[in-house]
Each structure stands twice: as structure tokens, then as C-alpha cells.
Amino acid sequence: MAYFLELLISGALTGLMYSLVALGFVLIYKSAGVPNLAQGALVMTAGYAVWLVMAWGLNVWIAIPIAAAIMFGFGLVVERLLLRRMVGQPVIMVVMLTLGLEILLRGMVPGILGSAPKPIDLGIGFAPIIIGDVFINRTSLYGGIVALALVGASLLFFRTRTGTKLRAVSDDHVSSWAVGISVERAIGISWGLAGIAAVVAGALWGSSQGVDWTLSALLFPAVAVVILGGVDSVPGVLVGGILVGVLGTVIPGYLDSFAGGSTRDVVTSLIILLTIMVRPFGIFGREDIERI
Amino acid sequence: MPALILENVEVIYDKVFLAIKGVSLEVGEGEMVALLGSNGAGKSTTLKSISGLLGPERGLVTRGEIRFGDRSILNMGAPERVAGGLVHVLEGRRIFGHLTPDENLVAAYRGRSIARFNELREQVYAYFPRLKERIKSKAGYLSGGEQQMLAIGRALMTEPKLIMLDEPSLGLSPLLVQEIFGIIGTINAEQGMSVLLVEQNAAATLDIVSRAYLIEQGQVVMSGAAEVLKSNPDVQDFYLGGAEHTDYRNVKHYRRRKRWLA
Amino acid sequence: MSGDSVLVCDNITRRFGGVVALKNVSVAVQRGEIFGLVGPNGSGKTTLVNAITGFYPPQEGRITLDGRQINGLKPFRIASMGVARTFQNVALFHGMSVLDNILMGRHIFMKPNPLASFFYPWWAQKEEVAHRRHVEEVIDLLQLAPARDEHVDVIPLGLQKRVELARALCAEPKLLVLDEPMAGMNQEEKEYMVRFILDAQEALGLTVLIIEHHMDVVTALCDRVLVLNNGQEIAQGPAREAIADPRVVEAYIGKPRHAA
Amino acid sequence: MFYRLSGTYHTSYQADRKLWKIPTDRWLVIALLVLALLAPLFVSPLYLGSYVLPWVIWSAAALSLTLLMGLAGQLHFGFAAVMAIGAYASIHLVRAGVPFELALLLSGLISAVIGAIFGGAALRVKGLYLVMATLAMQYLVDWVVVNVPAISGGAHATLRTPAVSFLFLPIESLAARYWLALGWAVLLTVFFMNVKRTSFGRALVAIRDKDFAAAVIGVDPFKTKLMAFFTSSFMGGVTGAILAFCFYRAVTPEQFGFNVSIQLVAMVLVGGLGSVIGSWLGAGFVLLAPIFLTNLVSGLAASGWVPVSQNFLSHLPLMIYGAMIIGFLLLEPLGLAKIYDNIRKYFLVWPFRHARS
Amino acid sequence: EDVKFGLLQDFTAVYTFVTGQYNQGQQDYLALANAEGLLGEGNSVTAIVRDTGNQPQRGIEAYNRAKEEGAILFDFLSTPVSAAILDQAQADKNIVITPAHGRGDASDGTVFPYVFPMLPTYWAQAANLIEHMKNNGGLEGKKIAIVHIDSPFGREPGPILEALSEQEGFEFQAFPYASPGNEQSAAWSEVRRYRPDYVLIWGAGGGQAVSVRTAIQNGIAPEQIHSVIWLAETDAANVGPQMKGVKRFEATAAGTDLPIIQRIQEKVIAAGKGSGDQANVGNSYYNLGVATMAVAVEAARLGMEGGQPLTGETLKAGFEKISGFDAEGLMPAVTYTAEDHQGGGAGRVSEWDGEKWVPVSEWHAAYPELIRQVIEESAAKYKEGN
């Protein structure tokens, strides 16, 4: 029972850590209508940014805001150079563009900054929080709390006027222009915000595994999170994250020793497939309105 | 003083397809002008060239000049033009389907003052009381007419000096067409807003506008006061349906050529 | 109802979530007639057509085509039973030429088969050519010959609507359903379209169900009409009589400013 | 000029539907084919073995995928998994004693069946969701291959292809392997062009463009999509087998990983969705451009011309590859096929600039 | 004569954690060899370096091209790429070295005449670590948890543990985690409840740091943790000071206090001919790279003895002449024979003391007969066609 409880808790917390990555995806999708498959690479880049700023000799807590500013700027640049020209293109083009960006970043960032894993020390420490026979990972716990806070902030953000405008942009670029919303700026802001979310994700994940290109592999669980929660739903990030984390921890926790292999990716894949078969728009996602 | 002036505007799509060639027109301040023409004549293209929305369709103004007020707007982006007081109600409504009608209005308001926003919103709901009834449902599920109202209301939220409407009566019931035309007239009269109206429904249009341009195959072929155009035999033949009642069952199979297509 | 009804809808109800888009609507379309469907926006006209063609099957009621029940069947089955339609918002295959679009109308008579496609053997060629003959006749009828090889997305909307009509005609339907075929057309274009519909009906002996907001067209074209409002019937009968009904005038037509 | 449409008339509907309507095009194709057949005689083994051969095979793969993505509009980001199924199936079949020719066919069928099952997801969703579903499929297949030693070949997860012959031609020498691959790729090319002018092909395009409009003229979306997945997976499966037997000759799971799927999509897009010539050009470009550019830069680096670190240098192909994808999408979203088409049109209408007004 | 080695490695995908430093060591050593004229008057050795991104396809292209340019020895440092080229290289009679990454059975020189694993295989590594446990705390009745990445590489030690557990009377259980290993909490919760006496971690790259961290967080003492060769200074930096006490297998000594590294500092680095970041010199993976090239250059030297031109065949002969070579203390003395291409399989265990790796056992080969038996069985299978 304690084992189950521990798996449950650590799964939920890990899931929230995934939510941090997924949040960037949703921010961009909900406000620009762009499915950003480069979010994993963005997290990696952000991790490198935090490390780089720390390498200048700055304290983590100063490094993180600086890195956030850098990544926000980077988001703006991505919009200016790439997405501005993709307005009105079919989804496959946009998907591929972000994948191209992901490949580019995965080459460029480690190519320039080095590919061996880099440390980020957040000073969280190793000692787990122990309740009874249940061990809770501190990094994940803090990550989970941060994730909750960020999701809450995002929820509030989309209630504001700017948020409404961003949602309008994701609906229809051309009519946004027609009523004077700067689609460019909206997309830029959304990428910038996703960049900030990526910094938080990059710092937390980087502190537990080191910063290297494998951070970009977080895209896969993040995709499962957004599919399950709904690609455009902020609360979906939370619920989806917890579910993906819990299922991806509890099931392997019982199955792996029998399967003789790690079943986590299988669970993640099945979550994606089943969600799409049963409820394509996820738990909270909006349906496409198609009028015949 | 004319609010909007187009001089010799030429638009090319996709680098190869010449959609309008040398269109010139004027809309005076507070004036209501119509742009008529058959399908594919280039009406929407003309409007898009004014509102700056050709980009996403790979269109480009390759020649000519567009001025609004005393400024050339050719090099401005679309949002800038809206800020300058030009707004375009797109063909086919295109409201923000996933937002509620209210949010649609919020998204379109550009200023900062909440009081002004509330004022504008009340004005829109006063023009279109039906919208107020559907305030909670997603705009994508509104009926065609309600969506058209929302599109116009949304445009009004930008506090325009000139509003361009692309086929506002498309697919609307006769009653709604009357209603919408009435409201357009009211807005023009009450607020002194200039209106550039693209329409197929020539009969109703020529009744409310003061002047009209006739565009065919990308060129302006005729223009003048509404009254004059109405009495033109060609316009009667091709746009107004000749006499009052058209006997569709007996219309000629082959018609004479349009005179202006030499 | 009369014995020779092509289409009979019996007490159709269709809801979308909380919205009742159609409520107990019944209608029978006679063979050979042009039947009009009118009503305010959002009154459920398109929904009725979608119910007939199988997109949004009614939750209650029964639809029969030539006596066979069709509600519950998939759209493509209903199509192959002889119902063809056009859409309110033009729904052409924009990646194809006009000719290919119209050829698609013959699909129900063809047997698509990957193997045959790969090798394109003589019988596949023969099939193509046979259908092509038929298509060319329709192209002639609707005067589409000059646009035959154009890409559909570069031709004007009016022409696109005509191509859509041609595509529907090629299926040799028992029942042709037209959803606002004249929306966005000016007087001249409307006249052409009416002519084409009449010619096609005459040449092919069609039964037509048409949705239209232009009252002049409706009165000229339709033998009978059904007027819907809020998903319910408010009038049915010969065209001029039905739209002169005061309830229809109030809900739909309004006080005439222009004689239609 | 000689490259002219004028003077070319079609007097029958058949002729109007010919694959190459312009005589010049016809001659061009024949010349290319002859050149391709004779390639082993005049291309050095290095170039034949490491550039031409993989190019031909990947072109076949791109053709298989573009049938699905380009014609039928069903996005697929797990096509490498489909090819993996074909590759592994063919090896195990041959090992079990099935003749190679039959094994190719069967492995194609196995891929087709499994591919179609996964294609089932496509019946509910499209666009982004289909991308995700196929991506999940890629991970699932990968997992099964890696975790079932009976499939991947024991502890080392490496399976060598047994010696085989195709219609009495031993598939051993480079030339023989090349010819087999070429034959398959040409066959697929002809298939593809034929498909485009038949009702099956039109049905695929119809489903892609407007699925509800397709349904209303009697196209069964369910069946058509499944057929698209089935055919395309069949083609992909056989191509996977050819890849294993003619190129790698030892298969490992990495050869069919997620990045390979992405590479395939890149080929299809860079070439131009749904285009035959685009598949060939795209495969060649995506495959070879990073290699040539890297070789160039490392040549420069070796001669001390550009002072870059080893680390940077080795990440260069990845950067070039990513930048290339981005560049194409931004500058010519319709791909190389469109560029080719523009050039061709330019010659067709020369000396005029525009085709219309 | 200019001898060419093809170092066609994975700099951008799964092996990035090692390739950079490893390759740097290789290149620096070759520079040293040229500076010192190790191959004799008028002879030099050049590296052809290319990234393959762990993709067999690009590996094949790079191989063919390097072969065309005259390379006779190849190091792919990538299991899939090596696997894809093995047969071709054998047919071409070109040497492929597979230090610490290739298939273990390639140690059988009778079946793989041109392949040299060169250093202890994963099997030998596992045996070495187990033997270390036996000598430091005993094995009888103990429990070992092997926590490994879920890939063929991660499953490699399985058969050895199987065989040894019978022989030594311990119990073991495998706990796989999904690749690339950035999240392993489920596996470690399970491990904690298994209450192992020793833990064997079998992964690479960032996943290793996660393993050590998560292990410690689950109350496993660092001293209990034993790692495959892929645990280095970078991982220690990632884990932090808590890593003190963790042990790993090593095939070469780490640090700069070695004559050969000193000479590289002097003649290559100081001369400005170093191929990468100076800070890496002396790191585990750097030294590993140096060792591989030291052996290869030695083989080339021996192969050219007598003045014949160096080809794959003569280079193979050169390798098989190497006897008791230890690169001046950088590695255990290795001896290659026509049968044994592993060079004896000796290694040792070292422990992280918070600053550096400190050896805690002597260079030696553990359970050599058992390892040899596994190698031969597997090689025989390969010969049959698997």
C-alpha cells in the first residue's frame, strides 16, 4: 500500500514536472494556434541558458530571471523570423516548421555550448521528504508546486484582455488582423511566455539530470499530457500531467519486473492513442466547430 | 475632402495572377459608397488591398497608391490601418468561433478605457439586440445572421472612421437583409461614419448609397450617383433584373454582350 | 400523402446539445417537382438537409427515399442510393481541376481499386473514358467547357457553384438537394443559375429540393415550399401562397421595401 | 523553341490523360531511365553505394509516404515504423525459408495490415491529432522491436540479412542490389502516376480536400482511408525490406527510429506534397545536402580555412538539416517540385513571363 | 606514409555525453604520436573525423568515403553504426575497433578477424564489478539490483549475472527504466523495497546522474552503487558532492598524473595543437580516447615493422603482435592474439572521492573463463548467421 501511495505521489509530481513542459505547448497553441513541437528543444535551450548565465558566476536565483528574459526575447525572435511567414499555412507545414526548429536548436545549442551534460544546482538537496514509508522527491515536489503556480497564473492571464486577444488570434489570424489585433505581436508574446515556462522546466529538469540535448526528449511525455488534457486547455495541462505521470509511474511500477522492459513509453503511447480514439479533443479541449 | 482614395491600384496574386488592374475610387467623409460587380470581378481584392489583408493570400499591391485621410497607407500593416480608423468586415463573417460574442467584442476593442469600452459595447447591443440574447454561447454556433451582426458589431468596437463591408447580406434571410441594411444606414447617418459597401444585392444597395462603382474583370467600368446608375439600362439588365419582376422561367438563354467588355 | 413521393420525412427531430434544430418536421417531395425550403437563418434548413443526406441523422423520425428507409445510413450509402447535394459553403476539392471535380461525381459508378489504379489496365482506361463522355455532356449543359482544365480554386465563386452543381448532376441522382445555390450572386448570375437548374431538371427528369433566400427565385422556381422557423414548420404549400402567409412574412420576409 | 505545348493535340480522351503529354518530356524520361539503368557502369562504387542507392530507396519510401500524406492528406509521423515492420518481417520470413520474392510480398502485406490497423486512428481525427497518433504508433512499434528479442535478433539487436536472389539474380553485388532497388522505385513511380488519374486516386484526393463533400458523392471515407493506409503501408513495408536487403544488410532498431520518420516527412515536404518528381528530388535533397555541406565544411576546416571546434563541426549537419526544413517551408512551401514546375513553365511559355493576363 | 584512421562517431545523438572528450583524447594522442614521430621517419597518422549522429545510414556513407580516402582503421563509437558496418568492414579487410561499445562476442578473433573490442567488453565489466563486490563484503546470500536503461545495451549484463548468481549464490533483479532516463522514480521506488545489498547501474549520459541521485534520494548509500564504465566527472558535477563513494568500472586510469598525458600537455596542448577544451584533458573519457589511439598507433607501428605498407591486414597483424602494452600505466597491460581481440579483459574499480576517481582494486580480469565461454558461444551463433 505504501508502495502504491509512493508511486501515486511521485507519479503525480513527475506528471506536474511534465506539465511544466506541456504548459509552453498549450500557451502557444491557445494563443497562436500553432502546435509547437519544438517545446522540448525550447526547454533544452532554456536549460542551457540558465547554465550559461550561472557560468558567468551569477547565483541561480538571479540566473533564472535573466534566462527568462533571454528566452522571452528568443520567443519574439522566433516569431519574427519564422512564424510570421507561416500565417495561413496548413497544419502540417507548421508542425514541420517547429520540428525543423527543434532539429536546428538541437544542433546549434549543444554545438556552440558543448554537448556534455552541464550541471545546474538549485540547492534543493537530496534528502527526500519521508512520510511513513513514503519517500517524496524534493525536486519534483518543488517542481509540482511551481507548476501549480504557473498554471494558475496562466489561467488568470487568459482572462485578461490581452489573453482574450491571444485566444482570438488562435481562432482566426486574418480576422484578427481585420479588427486590428497585431497577430505578429500576439504570436511573439505567446512564444515569449512559452520561453519563460521553458526556463522553469529547463532549470528544474536540468537540476535533476544535467543539461544536455536529452532535455528535448521531454517533448514526448509533454505531448501525451496535452493530448490527454486538451491541446488548448490550461487546466488540462494540470489534469493531463498528473494522469500521465501517475499512469506512467504506477503501471510500470507493477509491470516492469514482469515485462522485463520499461513499459513507461508504452503507457505514454497508449494514452495518446486511446485519447485520440475515444475523445480526440482530450478531457478539456475544445472541439472544432465545423459547419457543413 | 475624400476620406479614402485609391489611384490606379493593381494587385497580383501568387506573383502571376493579375486580379485587379488600375482601380481608382474615392469615398468621401461620411459618404456611403457601393462597389458592385459580378463574381470574381475583384471586389474583395479591392477591399483587402485597402485593409492590408492581401498578405496571407499571397497577394501584393504592385502598382498604384492608396490614401486614407492625408496619409498614404500602402506601407502600413493591417493593425496600423485599423488604428488609423479603417475597418474591414470580411466576406463570410469570420467571427472568432471559439469565443463568446462578448469576448469577440473585447478582442476587437483597442483602447484602454473601460468606460469607453462599455459605452461602445452598449451601442453595439443597441444596434443588435439579438446578440445580447446569445451572449453566453460560443459564437461559432450562432446563426448566419447573428454572426453577421457580430462581425459588424465587432468592427464597430474599433471606433472606425470608415467601415468596409464585404457582402454583408450573403446568405441572409430577406428580413435580416433589410435589418442589416437599415442598421448600416443608421450607423452612417448617426455617426457620420463613411461606408464602403460591396454587394451583390444591387437593388437594395443602390437604394441606400449615394454613389457606386461598377467593377468588372478587375477594372472599374462605370461609376456615378446611385440614381444615375439605377436608370442605366445595362445596370438594369445585369444587376437589377430589368423590370421589377423577372420572369426567371423565361429569361433569354443567350444574352447580349455586356457593352463595356469591348 | 401522395403515392409518388421520392422523399418522405416523417416527424424529424434533431437536437444539438440543448438546441433543438428540428422539431417534428414532416415533408414529402413528389417526383419531378422542385421543392423549396425557406426560413430565417438558423431555422434548421441546412440541418434538415444534413439529416436527409446522413451527416446528422435525426434522433427521432423516419426518412425514406423511394420507400426505403435511409435515416441511419452513412452519407456515402445515401449518396449511392441516389441523393446528390451541393453545399451552402462551396465544398469543392480544391486540389483538383474542374474536370476531375466533376468526374468525382461519377464515383458511385466506378470501382476504385488500388491494384487496378497501379497498373491502369485497359479496362480501367475504358471505364475512365466511358465516364468522361457522360461528364462532357454535363459540362456542355452547364456551359463549363472553357473552365474545364482550370484549377477550381482560381475560378470565381459563381463558377464554383456551377461546378458543384455539375458534380452533383453527374451522379444521376433521383433527388438533387441544393443548399443556397444562389447565395452571393448578382442578378445576371442568378438568372443563369435558374436556367441551368431548369435545363437540368428538364433534361434529366430530376426531383429537386432547394434552399434559397432569394424570394424571387423561390417563387419562380419552386412548385411547393416548406417554411421553417426555429426548427418547426410554419407553412407549407404552393410557393406564392406559403410565403404570403402572415407568419412567414413576419418571421422571414419582413415588410417589402423592394418588390422581389 | 522545342519545348512547346503548341502542336500537341489530343484527339481522344485517352490521349488527354497520358502521363507525359509533351513529347520532350517523354524523351527526357526515357533518357533518364536509360542513364539510371546503366549507372553501375559509370558511377564509382562509392557514389553508387553510398549516395545513389540510398537515394533510390528513400525515393521509393517518400513515394509511399506521399501517397498517404500528399494524395490522401493523412499525416503520418511514424512511417519508419511501417518500414521497420516490412524489414523485420522480410528477414524473418527469408530465414524461415520463404523465397525472397514471396517474402517481399508477404512483408509488404504484413506492414499493410498493421499499418492499416493503426490507420484506424485516422478514421476519427485529422491534422495535428493524426500526427500525434502516428507518433505514438512509432513509439509502440519501436518498443516492441526493442523489447522482443525474437524480433530484433537477440542480445545485440542486430539481424543480418541472409543471402538471397531475386528472380535468379543473386542480391549480393552492389550493382544487383542497386538494380533491384531501382526496379522497385521505378515501379512505385509508375504506380503513383497511374493512381493520380484513376478513380482511386481521385477518391484519395477528395478525402483529403473535403471529406464530407467526398462522402456526399458516394466515397466511403472509412474504406478509402483504410485503403490509403493499406496501400501506402504495403509500399512502405516492401521498401523497408528492400532497404534491409539492398542497403543495410543488417538491421538494427535505430535504422527505423523516430528521427527517420521525421526525415521521411521532411523528404516529402521538401520535395512537395503529393508530387512524384518531388519525392525523388526531396529524398535526394534531404539525404544528400547535409552530407555534402558537411563534407565541404570539414574540408574547409581541415585546411584551416574556417576555425571551428570539432563539437560545432559535428553538429553542423543537424543545423543544416533543421535550417533546410525551415528554409523550404518559408521560401517555397510547395517544395522542390514547385521550383521544378516553375522552371518548366518558364520554358513552356518562353518568351512570355506570365501564363495569364 | 600517412596512416589514416576513420573516427566516424556520434557527436550529436545518444553518445554525446562521451564522444566530445573521447574524440578529443584520440585526436590529441594522434597529434602526440606525430610530434614524437612514433611511427617512424616520414610516417604520420591522420584522423578523419565525422559525425554520424548514431545513424547507420550516415555511418555507411562516412565509412565508404573514409575508406576511399584511405582509412584502414575505424572507430564508430556507436553500437548501431558499428553493427551496420561490421560485415562490410570485414569483407573490406578494414579494422574496426569497438572499445566499450561494440558486440562482446567480437572478442573472438577467429570469427571476427578484423574487429577489435580492444578493451573489456560489457560482460567483462559486469564480471569485474561483481568480483569487486565479492571481495568487499561477499556475495553469498546477497541481493543485487541492476537498474538499467531499457535498451539492448542495458540488458547486456543479464546473461553474466545469471551465470554468476548460480556460481556465487547471490540473488539479483533487473529494474529497467525508459530511455533516455531523465525520469526513473518508479524504478527506484521498487529498488528501495527490494532492499538490495548492492546496486549496479547500467546506463549512459544524463540518465546516470539521475540514477545516482534518485538512488541516494531513496536511501541507497553511495557506497552501494556500482556503475558501468559510463560514469565520469561530468556526472559527478551533475550529481554534486553527494556522489562521494560511488564506484564504477574503469578500463583506463583517469587524471593527468600519467606520463602519457603529461607529454600530451607538453607537446600538444602547450604547442597549441590541442583539439578541444583544455579543461577536459585527463578526464576519464579523454583518457579512454587516448588509450584507444595509443593501442592503435602501437599496432600500426608494429604492423609497419619490416617496412611493408600498412593495410588492414598488416594492421591486424600489428595488433596481434601487441603484448603487455600498458601505455605507460594508462591502462592494464593488454595482449592481443588471433583468438583474443579483447586484450585480456582486465580493468578495475574506482571510487569517486568527491574530487576525482580513486582506484579501489587492481587491474585484473575477472572470471576470464566464464567470459570467454560466453564470447565463444555468442560468436558461434553469429557464425551461423544470427
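Letters A, B, C, D and E mark the chains in the order given here, with residues in each chain numbered from 1 onward.
Basically, a contact is a pair of C-beta atoms (placed from the backbone, for glycine too) under 8 Å apart; a residue touches a chain by one contact, two chains touch by 3 or more.
As the structure is a prediction and not an experimental result, all values here were calculated from the model.
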Task: Path length in the contact graph (chain B to chain E, fewest steps) - done: 2
Task: chain A to chain D, fewest steps along touching chains - done: 1
Task: Given chain A and chain C, the chains that contact each of them - done: B, D
Task: Chain of greatest Cα-centre distance to chain C - done: E
Task: Chain at maximum distance from chain D, centres defined as averaged CA atoms - done: B
TODO: Between C-D and A-B, name the chain pair that shares the greater number of C-beta pairs in contact.
DONE: C-D
- [ ] Report the inter-chain centroid distance for chain A and chain E in whole angstrom, where each centroid is the mean of the CA atoms.
- [x] 36
Open item on the list: What's the distance between the Cα centroids of chain B and chain D, rounded to whole Å?
Closed with: 47
Task: Intercentroid distance (Cα basis), chain C paired with chain B, Å - done: 29
Task: Per-residue multi-chain contacts in chain B, two or more chains - done: 17, 141
- [ ] Two or more other chains in contact with one residue: find those residues in chain C.
- [x] 55, 87-89, 91
Open item on the list: Two-or-more-chain contact residues of chain E, please, as numbers and ranges.
Closed with: 11-12, 19-20, 150
Open item on the list: List the residues on chain A that touch chain E in their complex, please.
Closed with: 3, 6-7, 10-11, 14, 17, 106-107, 110-111, 114-119, 121, 126-128, 135, 137-138, 140, 205, 208-210, 212-215, 217-218, 221, 248-250, 252-253, 256-257, 260-262, 264-265
TODO: Sort out for me which residues of chain E touch chain A in the complex.
DONE: 11-13, 16-17, 19-21, 150, 173-183, 185-187, 189-190, 192-193, 205-207, 209-210, 213-214, 216-219, 234-235, 237-238, 240, 242, 277
Open item on the list: Under the definition above, what is the set of chain C residues touching chain D in their complex?
Closed with: 53-55, 74-76, 79-80, 84-85, 87, 91-96, 100, 103-108, 110-114, 116-120, 124-125, 127-129, 132-133, 167-168, 171
Open item on the list: Show me the residue ranges of chain E that touch chain D in the complex, using the header's touch definition.
Closed with: 9, 11-12, 19-20, 23-24, 27, 49-51, 53-58, 60-61, 64-65, 67-68, 79-80, 83-84, 86-88, 103, 105, 150-152, 155-156, 158-159, 275-276, 378, 381, 385-386
Task: For the chain A and chain B complex, residues of the former touching the latter - done: 87-88, 161, 164-165, 167-168, 170-184, 286, 289, 291
